[in-house]
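Here subunit A shows up in two complexes: once beside subunit B, once beside subunit C.
On to the complex of A and B.
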């Protein structure tokens, strides 16, 4: 069902076949609700009450900061600027044919199907065999129109031995109650290496329901920094499949859920063959009436012997009204695996606070230091990707806000 | 500069300090000795503003102000420093970061501009040198993985950077080897001056050979049971605490 409040939704019959099928799949499933096991923690009911509509063709081009890399900038689902010295064959807006020609990696969830039916633009990046791109590639999506419904779609392919850093960022205007529902598919061939910084920095009234699907083969390496700094209701789903020996992924995450923010991190990792490795290290902070969720499941398939999988979720609860749900799960059907998971929810250490204050450091500054130290445990990829100058001020500004918001 | 009058402190319902009175004047060095569990650290922590203690009676005046009404950071700005008996490890906060924040928040309070990176580093390096500490220590997490002796030196480093009016050093000498003890004493002596005072909590007369106290007090069961000059420390070393606590016990009986 399409909610009756939504405006200008296409009729399935008017769409090309693959989009029609996707829309029908969405119609059959409907908007997710909290009675579904996978959506237990995140309610989207408000979306059914908003007069959501496709973005209007904007007549003003927002001014956007210089990013330290090749950069595709989208606003309201239109490409507004390309700042790149890469050959266009490597980096360009995704074309319909490119998506239909590529293997589908995203699962057929309701929201991923809706994206497949309605997407208008997004990035396409391919790095040829053995090439290493010196500078990061940015795919940046801006939103500012209230009640707009955005479905960006991106495709990233690294051929054998290719290497690149990609920054995928979602930014929005304060107080605009739009909905961004992006899908990004990533395919890593043998020995390829991708460092992926995914940044949710949506406006304070926005809803973000993003999905990333990754398929890795032998000896490839995927490194994700899953950052959730802004937006009202946010969810990121990661579906990652390791289908080759020696494939490894490092999944780092940091979410800051203050005020009334809701940030849900939904990880589904699948070890399909022997000898692959996964590491998830998430740090969460909840303050005010914020709520953070780490809901991760590692599935080790029969025969995926010698898998090495670890999940580590540590969280800070900074107010009595904030909430954290940390749910790391393991499903093991193979032998001789090394698998572990741990989750903690705690508070800022009183002892550490006193020690710092006894040195004359004000309470809020002491809190900021301790918060930064905590968050830093998940931020190793920032410096490694050479993005400290671009990224750290954003994270630090948010940590400061949180430090100062606490009584 | 510091006046403690009949201070009673409890943790929960348990009285720990049972009427401490002590006056410290500028330029003086006081030493507090006493058996384990007698309340020395409690006194030090209460003076620094640690929460979790209940002051049930008495008062503490610091340079004319009610010390107990001040927040820990305000006490630090007013020139009070506590060297912790067990310095805390704070992984992820670099030592240099703590020092910089601490020095600059103190300067802001005094209406001084923040130290620029160069001046700051100059000053830290001079202190590091005095304490024979490796510069690499600056970039490690606060006390993270430091040995016992390194932690104590690190406390003294912080003290030197903050230049307090009154330094309370809670067993800063414990766990130090002979050379480290001399180095720490050198750090403390570098701070001494006519307007500064030092309160040493120690179990050993050894430290007092390097930092000569003007007054020595013995704390037992939450009370000061004896006060004297530095010869009292020597006497304690020879005789232990038994004779004092026995006397105190007899006095307490009717």
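On to the complex of A and C.
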């Protein structure tokens, strides 16, 4: 068991009330460990051996590629650049008062509480009633300082009928062993529609333990593309509550766990009222000594009749040292529902390989084709969001790396 | 749907048909658990020293454990010091023939419809009936003995075949395995022992009826089945218990060992007292069942029909160690009223080309809570391993719950694992269709449920399949409404 106080914490007395409560909640729970059912497959013990500290002031501003949209760029938990033509009232760094004024959507897990106690910056986006933003909004978080501990916090609110594409990315270019623990809360009012691309591209020694909490009301639509391409130990938790009839979510995910990557995807979907829909479609690839985890639970509350919930998790295991763990769970308390889940683990189809090779396609190219086709099943939102040019090269480069690594 | 006014609903309240008790003078050890009680149990059973040693080790280990809380079941804390750990019908000596068996005991079995003595011969079933803790009658022993098959009570096996017991006891479920297995290892009173020698195909289904009778006696059965190389045995376990208001703990352990080319088929129809409609009383069925396919091409099949118990909490499992070994799990679990079930299986693939199949059907009615929890683990050496899992839930009524908690862990890239789960309900359309063809609502529901469970029932031996269908329809009476 890891002591909850292995890092230097601020003295509770020096914090505002809500942060003090959050810190106390974290201290009471401690750092998660694998004896907890929810953390069975992901260990954070290595964090306890690091002398973690808040990020220091960066001397140089990194050069950052141009993103096709409005862009808030954070490095080491500080806003370093705003590239946006939106009014500042819609998109700006999150202020303490904005967070305390908003209803708390994130569950009181240990790491979410730690974030609430220690967060320094993050994005705030609100889209007014009926407005549709033409260009995507980017919230980009960079990190490269060894042993830094980052807790970005973001808040996204779409008023009734609003529509937007948001790209939230966590990037590290170096091999620094930092820990990024972001929390993002998303509230969708009636008829609002959010397409959310969440990209983990952390550095090769980084730990990422992100959490997204979403609340949807009637006729709102939430579309997530959950991408995990880089980082050493990565976990994304999604807590999504459907609280209005006609609310629907589409959760697509792709994780690539090669080398020594560990990628854990933890979904908790709650159908609280009648007549909502959820779809989870995840594709996972584990190669090298990588390990991929899909752990989803759909909860259908008493009385939530007419719920339609499906989970589909397919995974490729490409190396004798890799591992896939899948837990597609259903928890159902109503009888007039449709719920199903399917999960498969296997390797690339020998038949498909044979078919392609018989047509003169060389082994490596055939493997790349099959990998791309497999991953493509979860990437429908990329083109829909108009982000193919920006996103696909990153995904393809990683797929090619994996394709090359197979003997 | 959803209202309790439809004609089928009243049907549900049918009383537990096997809720009688037998008034027999019992020899009961005072309630409570300590090393002296364990020494007393061991002494009463005239066990060799190694057994006492094993029991005491298990007890000392149990003291270090905490009761597990992770299952999707809820029950008030169990007072382990309030349980009587040993109860035996008082008899001067072991009966030499059925004539010497207490007629009241025989009458009990008769009410249960167990084929004993002549009835057993007619039915072709050998019965090792367990009345509370001591086996009272065993039939067909001679015929089995001629083939070298040992089928006896566990206490007899400890006395007559200590080497076999010593070699295999705890080798699949060690006393360190879990809380209830440790408790069972410390205090188990009796159970069945089967050994089928090399190349022998057991000519009949072996069967044991367990029965909980004395008030406040937890029943801690221990079953050990060994199929030597090339052997085959089919074992049936059936359970009914009399009606009681207090919850009773049943923490059994079943160990199966299949050596090279051996095949063990283990079938259970579990109909312990489920408690009344308000959830008062009923059995806590917390059982550890595990089989190990130790040799190449060995095979273990678990088939279970779980309709009884207030709480069913068990995962009959297979450790597929031998290359090309096969594990199977077929299950129907039904919860009605306030019954709870958290059941499923574990398939641990260690050997190459090991295969497993899981078919789990859960039926929830009334305020029943039914959870499938299953683990499929493919270890890194299990080249070419295969698993297919199908788990389906049938919901009847707005207040029941059905959960599915599968765990899939794959460490070998040549493995192929598939898991599918669906949830459905007995729909008004289906009922209307059948009723418009002249079926009563009861028959229509039974037909739908039997269709839902067919994949499991056809794995049961004939006698059990019939009983299972009957049990299901009785247990579901009035559940649709």
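Rule of thumb we're sticking to: the second predicted complex is superposed on the first by the 398 of 407 C-alpha atoms of A that agree within 3 Å, B and C clash if a C-alpha of one lies under 4 Å from a C-alpha of the other, contacts with A are read in each partner's own complex, and residues count from 1 in each chain.
Assume contacts are C-beta pairs under 8 Å (C-beta built on N, C-alpha and C of every residue); 3 or more make two chains touch, one makes a residue touch a chain.
Worth saying up front: this structure is predicted, and the values here are computed from it rather than measured.
Student: Since both structures carry subunit A, what do subunit B and subunit C do when superposed there: clash or fit?
Tutor: fit
Student: With the two complexes superposed on chain A, say which partner A:358 touches: subunit B (first), subunit C (second), both, or neither.
Tutor: A:358 sits against subunit B, while subunit C stays out of touch.
Student: One more residue to check, A:376. First (subunit B), second (subunit C), both or neither?
Tutor: First partner only.
Student: For A:350, decide between first (touching subunit B), second (touching subunit C), both and neither.
Tutor: Once the two structures are laid over each other on A, A:350 reaches subunit B alone.
Student: Please compute the subunit B to subunit A to subunit C angle from C-alpha centroids in the superposed arrangement, rounded to the nearest 10 degrees.
Tutor: 80
Student: So, A:330: does it touch subunit B (first), subunit C (second), both, or neither?
Tutor: The answer is second: A:330 touches subunit C but not subunit B.
Student: More residues of subunit A are touched by which partner: subunit B or subunit C?
Tutor: Counting contacted residues of subunit A, the larger count belongs to C.
Student: Look at the superposition and give the distance in whole angstrom between the closest pair of CA atoms, one from subunit B and one from subunit C.
Tutor: Minimum over all C-alpha pairs: 15 Å.
Student: Taking the complex as given, what residues does subunit C use to touch subunit A?
Tutor: Where subunit C meets subunit A, its residues are 1-2, 70, 378, 380, 393, 395-425.
Student: Any idea which subunit A residues touch subunit C in the complex?
Tutor: 37, 302-303, 305, 315, 317-347
Student: Given the complex with subunit B, which residues does subunit A contribute to the contact?
Tutor: Its residues touching subunit B are 350-352, 354-363, 365, 369-370, 372-374, 376-377.
Student: Note which residues of subunit B are touching subunit A in the complex, please.
Tutor: For subunit B paired with subunit A, touching residues are 48-51, 71-73, 75-77, 81-82, 84, 87-88, 90-93, 97-98, 101-102, 105-106, 109, 141-142, 158, 162.
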